[in-house]
Each structure stands twice: as structure tokens, then as C-alpha cells.
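Below are two complexes that have subunit A in common, paired first with subunit B and then with subunit C.
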Partner chain A sequence: MSRRRPGRDDSPDRLYTLTGGRSSSGSDVFDLVTLIVAECDPVPGMQSEHAAILRMSRFPTAVVEIAAELELPVSIVRILLADLLGTGRISARHPRTAHGSAHSSYRLPDPDILEQVLVGLRNL
Partner chain B sequence: MTASSSPLRPSALALLVTSVASGAFCTAAVAAAPSSVQLPLGWFAGSGALLLSVAAFAVTWLAHSARLLRRQVGDAEARNARLTAETAARAAELDRLAGIHAKETAALAAAHAARLGAANAAHADTRERLGEELRRAESGRAAAMAAAANAAGRMQALATGMLADLREMEHRHAAEDVLADLLHLDHRTAQAGRLADSVAVLTGARSGRRWARPIVMESILRGAMGRIGGYQRVRLHSTSDAAVAGHAAEGVMHALAELLDNAANFSPPTAEVHVYVEEVPAGIVITVEDSGLVMSDLQLRRAERAVTAESLDLAGISGTRLGLAVVGRLARKHGLTVSFRPSARGGTGALILLPHELLSSTNPEPPLSPSTLPADLPAATADGAADEGGVRTERAAPAPAPAPAPALAEAEAAPEPPARQGDGEGPEIGESGLPQRRRGRTLAAAHPDGPDAAGRAPRIPPGTASRSAARFGSFRQAVRAAGTPHSNPPHPEGDTEK
Partner chain C sequence: MDSAISEQGADRPDDRPPALRSTADNGLKIVIVGGFGVGKTTMVRSVSEIRPLNTEETMTKAGEAVDDTAGVATKTATTVAFDFGRITLDAHNVLYLFGAPGQERFWFLWDRLFSGTLGAVVLVDTRRLADSWYAIDRLEHHGTPFVVACNDFGGPAHTPEQVREALDLPEGVPLVFCDARSRESSKDVLISLIQHLQAYPAPLTPEPAP
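Right, the complex of A and B next:
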């Protein structure tokens, strides 16, 4: 079985140590697709997750992608991001903000169309 | 002289009587005789009287002497007989005494032998009983240790399994209140696991977990910190990117956790505990400093003795102060050097030296490694971004060289994109042309990253779609992890690595 054996491949970090015991970011700035852009380079002595986020988000990166890359739950990543946002090391951009802008040709596809595509795929 | 004088007196008496009688007779005879014969008769009678007297004297003398001698012989014989009898009596007495002595000696010897035998038997019995008790105590102790070790091992396995379960649940439940509860349980379980680890270490059980790969220092510190109650008071100061070899990582974390626990427990509830990591020629020194009570010299020495003790006996361990004994065991097992000194913060500092044998130079987590990440991630991002924009541009202008890349790491990434591009017409179908790549690319193009990325177009160099699919895979994984519940069956306890 390809499932990872528990306790062997895990990281010894417990999640509460990453966040200092917090379980809530206290802000709703971040959802799954919020784009994160680093505003500075990682500095030595930084928590490794923060440094990894800064490296990863040199170019706009979605929260969910960061979470996948770090293999952490999204809620935890939100807390880490909130810390970084609080110190001004990243900026968060919501994709919806681009939706109403001048780039109307890049807006999200209509859910109806997506649904039709799904139906079509299933019919294949 | 009595023998000679005693016959003299009767002899003299006989002489005197005889001479007087004969003298008187002679005188009478002479007087009666005619005067003519008076003179010769006088002479004759006188001589006869003299002779008679002498004869009487001699007879009497001899008779008395013989009687005396006879009496002396009788005395001597009697004495002799008496002495003989006495000798015989003495001999008999001697024999009797000898017999009594022999009897008494035999009796005493027998009594002594009996007492000695009894004493020996009692001694042997006592020895036997003591030996039996010792054996029983020893086997009881061994059995108790084995039972404790076994129970601790199972506790460890349970705790490890629970931690893995909790980790899985933490990934599955996105709701913040649920997550908070899960984290709380996680923390409690980690502390219970540490206690089980401590008991396992003290009872000589196998160590709890084996990590399959080296663990970076930051994870070591956080892993140790997560196992104590007051972890929120611990401040880590580490820039080291060294890693601890997998076989020793658990021991190091456990020892560090015990020291952190001591530091947190013996300092005010609001004081922070600081952890510093310093690389020295002999290895790495981890310093745990608290600002609690200053330990006296005696206490410092006692603590040092506790962590350096050679003996393995459990005497003197109290139920609530297991920490230093555990640290000592772990230090001996992994070759750590632990020492204590007064801290500049006002409390006590504990130092652990990890020798080079425990350190691993290989960096186990490439995504977090400073050496590989700058070369890797920008390229990936560039690829994905170019791909998203590729719907419009790629046909007309097949990706130019990545020369305009502004990112700092592009120089290292530069050789890669041309090599990937050389084999196909463009990023449309990717380098392998697999359908998944196309689907991933198309979905990626439809992803709302598009507009934003396009808005930042000057920063993004065009590239290939080589990594977009892999990246999208992780995206999907994250969405699934965050959104839909897993269908993983709960793993049994036996699955847990011991």
C-alpha cells in the first residue's frame, strides 16, 4: 500500500508549534484563491515556513498552492500568512479584484459553462 | 639411736640385777666359807659373777635387738603395703578420672558437633532463603521493568498513532473551532507521548520512533518544544540549517524537551525560555536558558551528576523528577554532552553538545533549501505564468529566450528552459505531449491567476509548461485536503512504527 506509514514520514513539528498555539488567523483576508505576493526576501533566522512562503510567492501564488507546497492545512497557512501580512512582508490580492477591472476578457468563466463542460466530459 | 639405746636399758638392767645378785651370793659364800678358802673362792666367785653378768647382758642385748629389728621390719613392710595400696588407689582414681574425662570430652564433642551442624543447617537455610528471596526480587524487578517497558511501548505506539490521526484530522477539518480543539488535543497527546517516552527510556525499552530521514534543526527544536506544556513561552533563536541524523533525532528531541520542561517549570509562569543554537568545531551546542531560580553550586553539581551518571540503577528516582535521569540516559545512548551553568539571564542555562556523528550535512527538504529553491521556484512560476498567457501568444511568437527575466535567480534557471523547448513546437502540449499536461494547462489557463499574472507581465518571463501540470497537481491536492473529507480508513495501532 502506498499510503505513508504514520509516524515515520511525518514531520516532527506539531502544527501548534508553527503558529505558537493559535488556531485562528483573526482575519478573513485569505481565502483559498487569494494571491500572495512577497514584498521582501527571506532573512536568516526567520521561521522556515515564512521563508518558504516568501520564496514561493515571489510571483503571485494562491493560498491553496502555498498550502499544498508546504503540506500544511489551509487554516494554518492562513495564520502564517496573517503574520507575514501583519509585518508587511507580503501583500494579498484577491482575484475578484481583477474581475471588475478593465481586463474583462480574463474574468472567470461562467459557472454554467463550466457545468456544461463537466457534463460534456462525463458524456465522453 | 633409739634402736640402739632401747636394748641398752634392759641389758644394763639385766647386767645390774645379775651382778648384784651374783655379787651378793658371792659375798655370802665368801663370808660363809672358811677363811682359808676365802680368797680363792672370792676370786672364783667374783669371776663367775662377772661372767654371768656379762652373759646376762649379752643375752638381753641380743634379744632386745632382735625384737627391735623384727619390729622395724614389720613397720617397713606395713608402710610398704600401705604405699602400694595408695598407689593402686591413685591409679584407680586416675583411671576413673580418665574415663570420666574421656566421656565428658566425647559428650562435649558430640554436643558441639550437633550444635555446629544445626548452626550450619540454619545458616545454609538462611542463605538459601535469602538467595531465593533475592532471585524472586530480581525476577520480580525484571518482570516489573518488562511490564513497564511493554506498557510504555504501547503507550508510545498509541500516542504516535493518535498524533498521526490528529495530523490527518487537522488536514481534513478546515473549520477554525474544530482545528483549535484538534490542536489542543494534539498538544495534550504530545505531552502524554513524552511521558510514555520517558518511562520507556527509563525502563530500557526501545526508543519510540525512528525518523527515516535527517531532521533539520528547526524541526528538532519545534518538535521538542511541542512536547512540553509551556511551549508558548519558548523562544527559538536558530539560524542553523544542520540536520540531525534520523536515528538520533528522536532522542535529541526528547532530551531537549525534558530540559525545556525543566526550564519552563522552574521559572516564573510568564518568563520566557530561550533556546540558542550555535555551531562549534565539536558539533552543535544547543543552549536552553531560563530566567528562573539560580541553581546553587551544589544543585548544579547534582544536576550534572544526574545527567552523567554511569550507573543504570533506578534507585533514587522520584516519580515527579524523571527529567534529568531521562536526559542522562539519552545522553549516554547518543553521545550527547549535557552541562549546566548559571545563565546570563539570571536563571540556569543547560547546554547540549551534539557531536558531529549525529549531524547530517544533507539538507532533507529541498523545497525549503536556500540553494535549490531560488533556481527552482521562479522557473516554475515563470513556466506556469507563460503557460497561462500562452493561449494568446504562443502560436505567433514561440517563447523567446528567458533573457529578460528580472528575478534574481534567473541566471541559474536560464539554461533550463531552452533545453526543454528544443523538442517541441511549444508549450501548448508540453514536452511530453501527454493528455494530462494539456488538460492541466488548459485548466491552468482558465484559472483566475491569469488576469493577475498578465497584469504583472513585465516581471514574468515566458517559459515552457513543463512544471505547470505538477504544480496543478499540488493545487488539486490542497483543494482536496482543504475541502473534501478524506476516505482514508483509520489505521490500526499496530501500523505505527515503534
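Right, the complex of A and C next:
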């Protein structure tokens, strides 16, 4: 297999430049499956990754899909998304099951959600 | 798009996955974990509406390793690659399936990546049962509900009892046999996980952290 491994070939310098060296504060709100929706179109002069995210998320798009498409580690994408959320350029639809805070132990999902998943799977 | 059959590795710019509906607002996760070559990607591909995509997460731990010659603390980067697929369940719910190797560094990132997961499928190859001991151990420790799915590689048939014993599987954990190449069979594995969750007892006291 010679699948590309996104991010692996990126030098730390490139990743540093992408995020302006900012740390991950505020980016923890984004779950892998938080759905991102663009609230505006890209504007000229915008950082190309930001513009790419806005183009990609005209329809709801999960954080992990954005990471795969940009070929960037999820943690870097979370920082880029925090920028866009902070300036109101995207909105975020967070999962309704237990999520968010890292190091949380397992919580059983809502029974209504489980029923909806079951129905959805059976209808496939 | 109505076909779930697609080629991994096709990489044209116009090969963008079909968009979700604008009403989609609830992402859900199931993790398929198992040893190398056990059929994780195959299972994701069988049920996914998009070709499996691949991404990774990196976490840097500062100052763990010390380089003797220079006497400087170096940074160790933990990188975990995983692939995933997607199933639109209804107007609101979208299920993401993650295929991930159960090696040690993966569990280091579990909380960061997979907190809030509905549950897990441990995919096993009956010819290499020991490969899945570690994953089962970690999931039990973490308190994440799971089912064990034996992928059929055409080897000698094992009875469920034999597999249970070899895995030291608690009675309450469902064991199913599957063919990851089949959409119906993979779907059944996911359904057995959800049914297991529906019957899962609510914990009285939270599990102590590892």
C-alpha cells in the first residue's frame, strides 16, 4: 500500500506557519464528528486553508472530513476552525451524545438516539 | 450517489464525496478496532456511502525521551493514522465509522479522538486471536461497550465457545461471525452493537480511571 499519510511529510515548520504558532486553546470544542457549516464565502486575501474550509463546508462537513481533505492532522484543523468560529465565518453543530471534554469516561448514549441509529441502519 | 462501491486511492480533485444534507446536525461515532490486516478498512468500505478516507492525529509529548549524547530532552510525537467512512442515517443523524489499529499508541489518543463514541467493534481473525487481546483489554478498562466480530478468512471453523475461551470474553459481550466484504454482514455487526448498547446496564458508579 502506498497510501499517502497526510501530515506525515509536513515539516513542523509548515504546521507552525499554518496556525501562526498558536496553541490549541479553544479548539477542544471540536469533536471529530462536529459538523461544520460555512456562514460566508471565502474572501480574497484569506489564508488558503481557511478559504478551503469555507468552500468545503457549504453543506455540513465533519471535522474529520475536513482534515482528510486538507491532508492535515486533526489537531491543526481544530485550530484553523477555532479561528473561523471566532470570527463568525462558520457555525458548528456539535454531537448531541456525550462528547467534548477529553478524558471523560464512557457515557451511554441517549436511548432515543440509539433507536434512531437502529432504524437508520435497518433501512440501509 | 447510490453506490457504496468505490476505490480507495482514487484521488482526482473532482472525486469529492457527496455532500451531506443541509439538515444534518448530529454526528455519531463507532470505532472498528483490530490487528493489522484483519479487515477494518474492508468493513468500513462495505457500509460507507463514501470511499474510505484517511487522516491522522499527532500529539507531541515534551521531554519524555532524553538524548544521552546531547543531554537534551527531545520531543516524542505520537501519530495515529485511521480511516473512516460515513453513513447518513436520516435527516439529522450521520454515523461515522472509524477503522483503527489497536496498537499501544492508538489508545494514548483514544480520549482525544473517540470520546463520545457509541461503542466499538473488535474485529478479529480467528487465526490470530491473540492480536486482539490488547484491544479488548483496553476497552474493558475504559468501560466502552463493544462486540467482537470474527471475520471469516476461510480458515478452520471455530465454535463460539472456543473463541470466547481464547479471548477470555465475558458472558455479556456479544460475539458474532461476519464477512467484512459483505455489506449486509457488516451492517448486521453494527446492528448487533446497537442492540447490545440498548441492553447495556447503566453503570451505578463510574469506572475508576486507569
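Observations on the model:
In the analysis below, the second predicted complex is superposed on the first by the 80 of 124 C-alpha atoms of A that agree within 3 Å, B and C clash if a C-alpha of one lies under 4 Å from a C-alpha of the other, contacts with A are read in each partner's own complex, and residues count from 1 in each chain.
Criterion: contacts are C-beta pairs under 8 Å (C-beta built on N, C-alpha and C of every residue); 3 or more make two chains touch, one makes a residue touch a chain.
All of these numbers come straight from a predicted model, not from anything done at the bench.
After overlaying the two complexes on the shared chain, residue contacts for A:52 are found with subunit B alone; subunit C is out of touch.
Contacts of A:111 after superposition on the shared chain: subunit C is touched, whereas subunit B is not. Once chain A of one complex is fitted onto chain A of the other, the partner contacts of A:119 are limited to subunit C, with no touch recorded for subunit B. Touch criterion met: A:31 reaches subunit C, while subunit B stays clear of it.
Shared-chain residue A:75: touches subunit B and subunit C both. When both complexes are overlaid on chain A, the residue A:44 reaches subunit B alone and has no touch with subunit C. When both complexes are aligned on chain A by C-alpha atoms, subunit A residues 3, 5-8, 32-33, 35, 58-62, 64-65, 67-69, 73-75, 93, 95, 98-99, 101, 103, 106-109 touch subunit B in the first and subunit C in the second.
Those residues of subunit A that touch subunit B in the complex are listed here as 3, 5-18, 20-21, 23-24, 32-33, 35, 42, 44-45, 47-48, 51-52, 55-56, 58-62, 64-65, 67-69, 73-76, 93, 95, 98-99, 101, 103, 106-109.
Contacts from subunit C toward subunit A in the complex involve residues 8-9, 16-17, 19-22, 24-29, 47, 53-59, 79, 81, 84, 86-90, 92-96, 98, 111-116, 118, 142-145, 183, 187, 190-191, 194-195, 197-198, 200, 202-203, 206-207, 209. Here subunit A touches subunit C in the complex through residues 3-8, 31-35, 37, 58-62, 64-65, 67-69, 71, 73-75, 93, 95-109, 111, 113-122, 124, going by the rule given at the top. For subunit B in complex with subunit A, the touching residues are 160-161, 163-165, 167, 170-171, 174, 176, 179-180, 183, 186-187, 190, 209-212, 215-216, 218-220, 222-223, 225-226, 231-232, 237-239, 249, 253, 367-368, 370, 373-374, 377-378, 381-382, 385, 407, 446, 448-456, 459-460, 471, 474-475, 477-479, 481-482, 488, 491, 495-497.
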